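Note that chain A is present in both complexes that follow, paired respectively with chain B and with chain C.
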Partner chain A sequence: MHVNEAEFLQGISGFLGSYYVTLAVLNGIAALYVWERLEKSRLALVWLALAVFFLALSPLAFSGDSRMMGIISVPGSIRNLVNVVMGIPWAYSTGTLVFLSLLYFFRKFFVKPVVAWSGLNAALLLMGLSITNPSFATIVTKPDNVPIVGLVFLLGFFTWLGANKAVTNDQRMKQGLEPTEKMNSEKILVWPDLVYTELICMIALTALLLVWGILLQAPLEEPASSVKTPNPSKAPWYFLGLQEMLVYYDPWMAGVVLPSLIIFGLMAIPFIDFNKQGNGYYTIEQRKFAYLTFQFGFLVLWVTLIVLGTFLRGPNWNFFGPYEIWDPHKVEALNNIDLSEYFWVIGLERALPSAPAGAGAIEQIGYIILRELPGILLLAGYLLVMPPLMAMTVFRKFFFRMGFLRFMLLANLLLFMMLLPIKMVLRWTVNLKYIIHIDEYFLNF
Partner chain B sequence: MAAKKNLSMEEILASCRSLDGGGAAEPSATPVTPSSGESTTSSSDATPSTTAAAPGKKASEMGVAEMLAAARAEKSKPAAAPKATSKAASPAVSKSSSKAAAPAAKAIPKDTSSILAAARKDVKPGPMSKAEAAVKAKGETPTRGKPKIVVPPPPEKPAYAMAHQAEEPSAGDRRSFMSTAVGTFVGSFLAVGFTSLGLTHLLWLLGFARFMFPNIRIEPPSEFRVGFPADFAPGQVETKFKAQFGVWIVRTEYEGQAQIFALKSVCTHLGCTPNWLEGEQKFKCPCHGSGFYKDGINFEGPAPRPLERYGISQASDGQLVVDKSKKFNEEKGQWADSTSFVPV
Partner chain C sequence: MPPLGEVIRNSQIWKSIFRHPMPTDRRNRIVVMLTNFFLHLHPVSVKKQGIALSFTWCMGGVTFFLFLVETITGVLLMFYYRPTIEWAYNDILALRDVMSLGIMREIHRWGAHAMVITVWLHMYRVFLTGSYKPPREFNWVVGVILLLLTLLLSFTGYLLPWDQLAIWAITVGSNMARATPFLGHEGPGAAILTVGGIDMITDASDARFGLLGARFVGEETLNRFYVLHCIALPLAAALLLAIHFWRVRKDGGISAAM
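Now for the complex of A and B:
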């Protein structure tokens, strides 16, 4: 991307200025709300001050001048640091995991509306400061990616809302009170209460779609060709998790087996779930395992990968930091090695076992199995030894309450779910290509 | 019989009104036929309505005040009256009047006062179900809380619904068996319909199979010339044939032997088209990041096996000919095949 810096800043100034004005208005409304409804004058002053701050930023942004814009940008040193850190795949994913774990463990702090509003302001400010960077702006403002940015914020909001209600309920139930949802069990009418709400939502969403369709043009590209693939070639945003999965697994595995297992596992939840608590109200304490498993599978293994695929994957499917220029010639030599090679060549310092020339089919298969024996043993051990081990240690209570069949289903689904992060980490750290690699019969794992 | 014909229009109207209205006795009272003379007196004694309205007075002549008075009288003496009158009248009156009286006895009076009276008496006004009628005929009053459910006995099964009894085929009746079989398979309309449907589908299938082998195929030939071996510099990857034919012509060393070969430009992972990166000297797939060395061997990303080679040979004029109908896979040891490369 070779853009004229000054031209770029001029182009973005109008948007950025109104962005800051919007933020100021939002904080002004928050201040008014806190003042009028909650009657907390000191807090209202804080939000008012923030609104004034955002209002002060907007003329700097409107100017479009590079010196003025320099003030409201992320400093170069921090940009470089973020690029380096985010460019390391394991740093990004473990960082996300740590971040989400922190949110979980200190949820009593984070579910407070004041904290959440501050967090939202911080995130929006960071986005405003980052958007003066051409690379970041190109990715974030691409018509394809705008909805994903919206999705991230929307998802954050709903996760926060659910956690907020759950924490309130948990605290109430600790005091022996009933959850808030049970207090307000008064029934309302479908017509007009529900139907009116639905009608208003429908009209608002239609209006939003119209505005969206007018403002953001659908990217039209050149006619499709079987011998030309766009670089980078990205799946629709909701499939980016699958595409990321395909980087680590064989197409058969990542495209057929694991997605089917996801659907099958979701269908099996009513069978697996033996916890009768938490029906009809938000709670975390009473459904810790279910909550954590779902949030891990959804937030870490799906949404995080969508964000990664959207914002951090560039040409040639290389990793790029958020402020890094998408250079299609970025050299990132990754010499991926199979487990069999690790074992035979590097470990035992011998050549890979291969059938002598002219060997029969059965002999060849025998040699192939011998070659891949470490991987086969490892996988069989993982799938056969782990369930009883889990039943005896961590999931002891589960095993007794669920019975053999249900527990085995749960254990296997969990183990298959964990295969993805395990393989990702192995690829990133030791460049492992395949655990079992049988090219001859298209069997790779 | 004769009396029915002799009824005047007024009389018929009056009887109709009396059916609708409360005083069920009036129809029997009004006709001045000789046969119903007795019943008139007996009924007029029994019903308060007729006593209230002047006896012998026709219903059509009753004023509003009189009707109201009659209703009030009924109110005070609950509606036992219609029942009594009908009982008294029905045997005595001629056929014509009994015809009129019978439904009157069955139908429950519909005017406000009688409905109210019926409601007070816990008798349901309006039409009644068969079950209720049956209960009433027995003389029981239905209790209001739980209506008794009377299940009528199921009708007897008709002959065609009875279970078939297998007919034992007689041993000597082969001719009839054959005719039955032929009749079932060919004769019935259903069989004819399904046979023709099956035949039509078979024809469609055959037509579809024929469609798969078109007379003319508009696509680049599977064999094409790419130039002389000398056109390719050592270590060169020629990308100009990729856009049209999906192939790279590579001149490099493979296993210590300098050769020219044609690599298929399809990634072995999921079928995207990799790009040749001259600076990094590798093929790189934009979809999932698979990387291949210049000789087509995979080394990074998820691609499980090396790129495939097409057949290549030297024509009699010395030009190289790529044959896309032949493929050579490294993992199957086919790159040793002499048609997979041209030595230089």
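Now for the complex of A and C:
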């Protein structure tokens, strides 16, 4: 991990220099496009100025000199601040949730191409300023992590694109017009219009894969050894959201039950969603509940946990800020407390119920159930009381339109999905370890 | 003498393959879609709006293309790679350092990562446009299974280089299986499954053992994952892909505003 700072900066100088040149070219193209097609000369000047700015950064990067690189880096004080702030357990998850909520609530503003392009430039500049930090660079440029950097930008783009179209359609439909997708019902022949698109796509993709393959070598570490456990040991990146869930739930939940429910829940979507509107065109207003639930599950619970697991989880699965060195000796206090302990020991100030010596099997189980009764009641209450409660209150209209079975399916899937954020919040606030803790039968919940 | 192209197109061989003239007029552009095996996956005509790039994002097609890339590069890699503990790592090393066309491994790996991403993006688009709604409910279900198969294909392939990255990622991933309720030896409920005091679920008979073929990631696992990766899962994926595409046509063609 201890890389010579100067050598490291020399090593990335070529990449970083070309990175800024690329950004300059991109903004140059944007300026040209805005000038020629949209005929907005003032906006074109802004992008042109930005292009010049990026172009000016590139020689600093190409130099590889540590003083020059210092200028184009995130200042140390800010880096420390980011590390400290993100080190607060709830900061990352809550922060991303707040950020995505802001994007959602002010979507009419954010879907404007100008805003999106500015945001993209800001994100790319931040990447560039950060990559001069060895810790950041090591993690982001690890060959198997590069796809996730790509995923984040692709998701950003496609979420923006979808929202952009949805906002346009929603505004049109508010005025009584039909969505843009319905305006043109013209049919065209597949040969040549579609097959040529496909051919061009295939050629472009082949070129992309070849360039990617030439520029970036597939990772190959030391030969496998069952005695040398790497720290951290990570699953493939697309399963890191599940691995992250292991912080909050035992493997039987995080690794088996919840993933199965994700797959089952995805399959159930078309049979739960009784809303006939919004079939074949982008819209948010017409299917707000479906949209928000999916985005919460996909972007908040799935993607941000993958990003967290990939970039911010280091040795011993400890949390590390983006600019923090992965120190394997970092100690994190683990004072998590079971609900049973909260109830019996802290609440009632007595010892946990345990079977007297020489008790029979049935009696032992009885004592275990007594010990975990608060958690069992709580969970049973959650799963049994919540659905009728939901049906009578917020989901009243849903319940009547969906019918009993459909509604129960929806309610239970939602309740299981919320188990993760609920446990997260309980962990952050009251250090809750297990709601039900039955080590004797591997039944920890 | 007529131009060479014309000679070729008038030859018996050409005409035996393509039973109609070049698709330059409306009639032949329709006929070509009906008489060509590869093209007949498509309809003859589509809604213009349905194939607009900003609408479809093209991600389903890209995923299928990547599946083909993975198949072709995978077959080429199979000619070279031997799935045994003695050779697996060395063969990958040689692919990297000495083999011409060793870049096939890079393409295979990056293509695999890209495929996971494009499957997600495809599903994302299908969700955002509500295209899973009737009559396409079942095809969405098929698609979810294809998502699962894509992840499993990638997961099983992850082990094959037999380096530290590989076995520990698979160890972490497959450790989950031993906590399977009832079927894992450290899962809740497994203790109940005893017959006459003998445990039915042990570390040599549980779900993880079934996955790995052993108590830990070893020789048997490499073989098992190799067969899954190269034969079982691709066959399953190919079958479901066929159903998926067929249902796209039967359920009203590619998604467009209803």
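Here, the second predicted complex is superposed on the first by the 442 of 445 C-alpha atoms of A that agree within 3 Å, B and C clash if a C-alpha of one lies under 4 Å from a C-alpha of the other, contacts with A are read in each partner's own complex, and residues count from 1 in each chain.
Assume a contact is a pair of C-beta atoms (placed from the backbone, for glycine too) under 8 Å apart; a residue touches a chain by one contact, two chains touch by 3 or more.
Small disclaimer: the values here were computed from a predicted structure and weren't measured.
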Chain B versus chain C as contact partner of A:V227, first or second or both or neither: first
Which superposed partner A:H329 touches (first chain B, second chain C, both, neither): first
Partner, of chain C and chain B, that touches more residues belonging to chain A: C
Chain B versus chain C as contact partner of A:Y249, first or second or both or neither: first
Partner chain in contact with A:K108 - chain B first, chain C second, else both or neither: neither
Partner chain in contact with A:Y282 - chain B first, chain C second, else both or neither: second
Partner chain in contact with A:P147 - chain B first, chain C second, else both or neither: second
Contacts of A:R350 with chain B and chain C, given as first, second, both or neither: neither
First (chain B), second (chain C), both or neither touched by A:L266: second
Contacts of A:F294 with chain B and chain C, given as first, second, both or neither: second
Chain B/chain C common contact set on chain A: 225-226, 228-230, 233, 243, 250-251, 255, 442
Touching residues (chain side chain A, partner chain C) in the complex: 144, 147, 150-151, 154-155, 158-159, 161-162, 165-166, 179, 181-195, 197-198, 201-202, 205-206, 209-210, 212-214, 216-226, 228-230, 233-239, 242-243, 250-252, 254-257, 263, 266-267, 269-271, 273, 275-283, 287, 290-291, 294, 298, 438, 441-443
In the complex with chain A, residue positions of chain C that touch it: 23, 26, 29-30, 32-33, 39, 42-49, 51, 53-55, 57-58, 61-62, 65-66, 69, 89, 92-93, 96, 103, 105-107, 109-111, 113-114, 116-117, 120-121, 124-125, 127-134, 136-137, 140-141, 144-145, 147-148, 151, 154-155, 158, 161-169, 171-173, 175-181, 184, 186-191, 216-218, 255-258
Residue ranges of chain B in contact with chain A within the complex: 242-246, 265, 269-270, 272-275, 277, 279-280, 284-289, 291, 299-302, 304-305, 331-332
Interfacial residue positions of chain A with respect to chain B in the complex: 225-233, 243, 246-251, 255, 315-318, 328-329, 331, 333-336, 433-434, 437, 439-440, 442, 444
